[in-house]
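To start, the structure itself, in structure tokens.
For clarity, chains are labelled A, B, C, D, E and F in written order, and residue numbers in each chain start from 1.
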Amino acid sequence: MTLPLSLDLLDRVVQEALAEDVGAGDITTVATVPVEAHAEAQIVAKAAGIIAGLPVAQRVFYHLDPAVEFRPVVGEGAAVRAGETIARLFGRAHPILTGERVALNFLQHLSGIATHTARFVALVQGTRARITDTRKTVPGLRVLAKYAVRVGGGHNHRLGLYDAVLIKENHAAAAGGIAAAVARARGFAPHTMRIEVEVRDMREVEEALAAGADILLLDNLTAEQIRPIVEHIGARALTEASGGITEENVVAIAAAGVDIISVGALTHSVPALDLSLLLR
Amino acid sequence: MTLPLSLDLLDRVVQEALAEDVGAGDITTVATVPVEAHAEAQIVAKAAGIIAGLPVAQRVFYHLDPAVEFRPVVGEGAAVRAGETIARLFGRAHPILTGERVALNFLQHLSGIATHTARFVALVQGTRARITDTRKTVPGLRVLAKYAVRVGGGHNHRLGLYDAVLIKENHAAAAGGIAAAVARARGFAPHTMRIEVEVRDMREVEEALAAGADILLLDNLTAEQIRPIVEHIGARALTEASGGITEENVVAIAAAGVDIISVGALTHSVPALDLSLLLR
Amino acid sequence: MTLPLSLDLLDRVVQEALAEDVGAGDITTVATVPVEAHAEAQIVAKAAGIIAGLPVAQRVFYHLDPAVEFRPVVGEGAAVRAGETIARLFGRAHPILTGERVALNFLQHLSGIATHTARFVALVQGTRARITDTRKTVPGLRVLAKYAVRVGGGHNHRLGLYDAVLIKENHAAAAGGIAAAVARARGFAPHTMRIEVEVRDMREVEEALAAGADILLLDNLTAEQIRPIVEHIGARALTEASGGITEENVVAIAAAGVDIISVGALTHSVPALDLSLLLR
Amino acid sequence: MTLPLSLDLLDRVVQEALAEDVGAGDITTVATVPVEAHAEAQIVAKAAGIIAGLPVAQRVFYHLDPAVEFRPVVGEGAAVRAGETIARLFGRAHPILTGERVALNFLQHLSGIATHTARFVALVQGTRARITDTRKTVPGLRVLAKYAVRVGGGHNHRLGLYDAVLIKENHAAAAGGIAAAVARARGFAPHTMRIEVEVRDMREVEEALAAGADILLLDNLTAEQIRPIVEHIGARALTEASGGITEENVVAIAAAGVDIISVGALTHSVPALDLSLLLR
Amino acid sequence: MTLPLSLDLLDRVVQEALAEDVGAGDITTVATVPVEAHAEAQIVAKAAGIIAGLPVAQRVFYHLDPAVEFRPVVGEGAAVRAGETIARLFGRAHPILTGERVALNFLQHLSGIATHTARFVALVQGTRARITDTRKTVPGLRVLAKYAVRVGGGHNHRLGLYDAVLIKENHAAAAGGIAAAVARARGFAPHTMRIEVEVRDMREVEEALAAGADILLLDNLTAEQIRPIVEHIGARALTEASGGITEENVVAIAAAGVDIISVGALTHSVPALDLSLLLR
Amino acid sequence: MTLPLSLDLLDRVVQEALAEDVGAGDITTVATVPVEAHAEAQIVAKAAGIIAGLPVAQRVFYHLDPAVEFRPVVGEGAAVRAGETIARLFGRAHPILTGERVALNFLQHLSGIATHTARFVALVQGTRARITDTRKTVPGLRVLAKYAVRVGGGHNHRLGLYDAVLIKENHAAAAGGIAAAVARARGFAPHTMRIEVEVRDMREVEEALAAGADILLLDNLTAEQIRPIVEHIGARALTEASGGITEENVVAIAAAGVDIISVGALTHSVPALDLSLLLR
């Protein structure tokens, strides 16, 4: 889902980030810059990528001084080239200098996620597969990270442990088998949730389908291993591939016919998009 | 500084991460696993690296069930090989299954930082340079990220805007020049802080030294550009190189004689160390 | 889902309730009762019902004094008669007197929900229908209220707006019809979620089924109106009845063949179960 | 006391309620409704009652979008008939759809309390008795619940354990009798507080009066038992009746001459007032 | 009232104070002291006074390391001489060095309040007057400050604006006179509260008494002005003197016959009691 | 450093102070003053001093009602005489009456600090010494207290344990001597921090200087003891005097040539500046 950026939630994250970086005050700026000095600045991309997080950056400066004008030049989700200006700022120099790093930290991380996601999405274009994230996010930024995946054209997997059922090998073993686990989950979970089950071979596929699983998770299989399983399943369930997905193997896995490809690296190993704030 | 992991601070971060992932409850585990079922598990490295975050992982499970035993097999900061076990867990299956992802998210991110740092530290061994982090951390994890840099053998730069003076080009310009900026900062900042000033050429070096700067920051210069400046400065101030530092150029920059090399990528572009929790 | 009572979440709610009632201190007890005086007490049902909330009550006393022993006499979910003892307490008199009202407020409200739920569940026994709650809970107690519904034998509907898709009339209208709304939701929501759609007549049933809806919501219809629709739908989707469900009409509605009956009154109009704490 | 709705306090409760229901986002609305679509809506009473909570509902929508216009049609405390419009909303459809349930949950619970209270107040009109609430409120909503009692024409008893002295049987026993308990409380409590004492018979009445009690609490007595005690006390103290007060017996109890009748059911067993939000 | 030190409330204050002082870590101690080094220490009075805050100091060290043993040598409220040991500590050196300043800051401030209070209490001994505090406390420490007043032998006035009625000149003027103000307050406030009214002359005394005021506040009057008013009032109401009370004039004011003397300086101008932590 | 008053940080402190004093509501004002009554007020100094905290007071009233106009008459840091008006307020009477005490509590404490500081600063004028605060602040108000010191013309010492290195006797002993302690701190602390070391005699001075200490702390020495040490040190390090500094001895100590004089009493024993809010 595209997580709408609720202002309350956004402000909690932004205020915490400012408290972390600014703390009792930006000594250097307070000491050296006249409090009423004005500034104009622009945020510029130093590498090509997809921009995500403009509303977050806007709130960073807003919390330091509501009078700062933050004017996006490109839209959220825009593909930018190196050198392109993505936003302009007008206002007192203090909040602009003080907020620069926090705003860039958000923008660079979220744009990094969006950029990474967009590459995967482009690779599977034309197949039935949707690229999704996982729960492998940096602690504290789950909602923003999943938002950035959507901005990059990807889809979201579950938000956490509370909004979906995903029966992995250990759950099935503890429950006495896949069939028992699915039955228990069906009896327990809200009727609004589908049941997803990790399966490792044809026998487990059949057991899961017989038990009424809605989605079958194929973890750590190669495209070659995936294809016959997906074909065997047909329309009886959705199929998801996960584990070790890279830009190198994602095309083959998508071509194997799965419906969903979940990629942990979208959010757990994020090269920041290089951005810079320049004052005039 | 090696940030000691204050329990209060650690618990705030851990509880927030659990709230984010577990929320109202781990539906799958509650539905499928008997509440009193016991489990043994191990956390295993799937790639070589430096381990950081064991005390964080320990608190994750502690918050779900104080009776879970989390037994590190290697020390914090240990270099591990792929396949090596780093910790063992004993306890009820519920907290182990429910806490797995949050614990791994912390461990993988912090170990990724430590691993990355250790590579840079190894590269400059034998030179006078110390590798430091920057303020380019993922929002909300500043203290833990800087802790992981220390675990990896690096040093910390300032924590935030409140604990050091770093006069950049814009501050100097706003103050009416480097000399005026240093004087104002000296009059304003606690006497316990050194004054660091960004300089771009010999003229600015001289101006900063004359004003009494303690540390000179050379931003975005090549090793070739840095060497003569550092030699010119001699023992009159500490020197720091920053901007665009990579594993490729760090050796040359260290050889150019700087005291400090600060590397944003240590914390802003962190490939997670691949770890896995295996239940028996 | 049965929401497991996460200790962190539970403690937040309990601490807030204690802060609200005890505030700066229980003046009367502090003034009149010697600080080391011991007491024994029992919590007794003054009406028949289903007990829910024992772990919550236990934490109330624990936060006032970890040494208080709270010993349940019946299990969570037990059906008790008027006069039956449900728990015994041993410890200093101060925490028992100070925590009495907060503990009872939780127990009475949650047992009221469980009791109410159990009556509905008993009425539909033998039919295919499961009784669920709604989002009509008292603000701040959603997770506990939904837990109590489970204790009473009911099931949970979605937790909130973030964990399920429920397309109501207004959403469909804004999207340009049911088909468009379902398509958008399918494209947007995580693949782990089913799509539920409110339908008012056969035409809308067909439109929703054609669009791939998984669950059809029949709101504010009588058993007579529901039966033919449910029969028409057959196994093509789950069916849910909601709106104006009472103990009087629930049997007929269940007999009409729906899969889910959601009852707002379970949580929005809860007669507290009458309980009392008696000191010896 | 009529608790004024402090904006800070109100916003804390409202933000928590929104976080609980909306969480990471309203998936259905985000997926199906254009973000800039406008809507007009009205909140309509589906049953007769007393309206309480309009300022709370207003803040719910304000937090989702400050531009939503929430226009009350009736005043706080108004008696409305089924079918009557109580407020109109104008603004983007997103915040109106997303905030609907939280706003109604507050309004229905608080209006339920006010409606219930107003019935008791009407019944004792013409007597000296004032109807008050108790500490039997749903955890987390104490201040709002007590506000709603005032809106319904009732009065407030103490807010919690910290703002009044109420010596019950157990306190007196622990202190070595009523006289000792009153003396200790008088020595201990701020001089701004009256001392209320639970008494069970004439002997205890005399002991409490002799000790200087200001208010005598008659718990779980019938009107017949109350009348002679109240007459005996005369003007020497205020009298309060509590325990098992219902719409059936409150008139007789008021007629017995007590000054205060406290009714737990006003807040612990609240049938929500049936309200509905209709979009045009 | 003696505010009992609720552990939850105490821990919130202590954790905030530690976060404020220790923040990301005690660099000096971490750098220089081996993490497992043990220490013994004592807290010693460097001036005579009354000790308050031992339980607060104990929690400071507990939060840094639950294994630190904090052993009070004197009781809470003890009168100590300069040079006297008030507590001993045993445990790791880290938490003792890190917690020293926060623990002393609490102890010195609270003992300062208790010491100051005890002097006033001693001065009025033998009169009917009780010494109370006011709401003039340092923001954030109200409950602890009022606790320290009790430790010093004083009494508490109201905690805040929410737990008592005190009609000052401006309230009376706004209400249309003292009589109207008292009547409104009587109708509005819980019946458990007395009504206190500020009066400036005999006419206002009579008006307030006729309206049923329970306590009359004589603000900024001399002992000579107070005596005839108090005699005139007799047993018809309690009397409180406030405003400009000093150790010089308190004896005369007490001798004038008032029941309560409230002293802002007890908490707003507190000379810290000089204490020191010595390591062996 | 002059701590800029970050709005987020300020609002947290202000909201906590209001919650502490106003709680569930200002009963007296709500009962007696019409909700729409307007008022004009002024805050007047009743003693001479330096005003600090005007922005804090402004936010107190803002949080109660954003429409209250708070108009400072003098600037932050102004020296005022008894009787001088320092601010005027216009708005509804409710927020002005309700916020009066909290606003004055902040203003009186912070102005007390500024006034006290200004006296010390004036005494050392013409010497090289700067007056600084210490960590001996009232818990919870560190940032505001240090801000007030700056307003009074003083300078700040470190904010807490996390932003500076100060090696005291116990640290040196634990590390195996001053030389070892300085070396460890140098290796551990960020390069932006100076190393301050407590020294007791010439031998320790030499050891600290040889180890590279930047600042030498002379604790609890007389001016006579300090002078030869400072002369001996010369320009090799900064010197700080602390311990038992009073208005009586500060001139002599400054004359002894130290660079910094830190005064605990500036913040730990603060006589409030007497201020009053007068309504017209």
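Please note the rule applied: contacts are C-beta pairs under 8 Å (C-beta built on N, C-alpha and C of every residue); 3 or more make two chains touch, one makes a residue touch a chain.
Since we're looking at a predicted model, the values are computed, not measured.
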To get from chain A to chain E along touching chains, fewest steps?
2
Same residues or different residues where chain B meets chain F? The copies count as same if more than half of the interface numbers are shared.
same
Contact-richer chain pair (by C-beta pairs counted) among E-F and B-E
E-F
If every chain is reduced to the average of its C-alpha atoms, which one ends up farthest from chain D?
B
From the options D-F, B-F or C-D, the pair that copies A-D, where over half of the contact pairs coincide:
D-F
How many angstrom lie between the centres of chain A and chain F, each centre taken as the mean Cα position?
44
Starting from the mean Cα coordinates of chain B and chain D, work out the distance between those two points in Å.
52
Averaging C-alpha coordinates per chain, one finds the centres of chain A and chain B separated by a number of Å equal to 22
Computed distance of Cα centres, chain C from chain A, in Å:
32
Set of chain D residues in contact with two or more other chains
1-2, 22-27, 30-31, 143, 159, 162-166, 188-189, 193
Listing every touching pair of chains gives A-B, A-C, A-D, A-F, B-C, B-E, B-F, C-D, C-E, D-E, D-F, E-F
Mind pulling up the chain A residues that touch chain C in the complex?
1-2, 130, 132, 155-159, 162-166, 188-194, 196, 214-215, 238, 240, 259-260
Chain C residues touching chain B - in the complex, by the definition given at the top:
1-4, 6-9, 142-143, 146, 159
Chain F partner, complex, touching residues on chain E are 13, 16-17, 20-34, 37, 39, 93, 97-98, 101-102, 104-106, 108-109, 112, 135-143, 159-168, 170-172, 174-175, 180-181, 184-185, 187-189, 193, 265, 268-272, 279
Tell me, which parts of chain D touch chain A in their complex?
15, 18-19, 22-27, 30-31, 63-64, 94
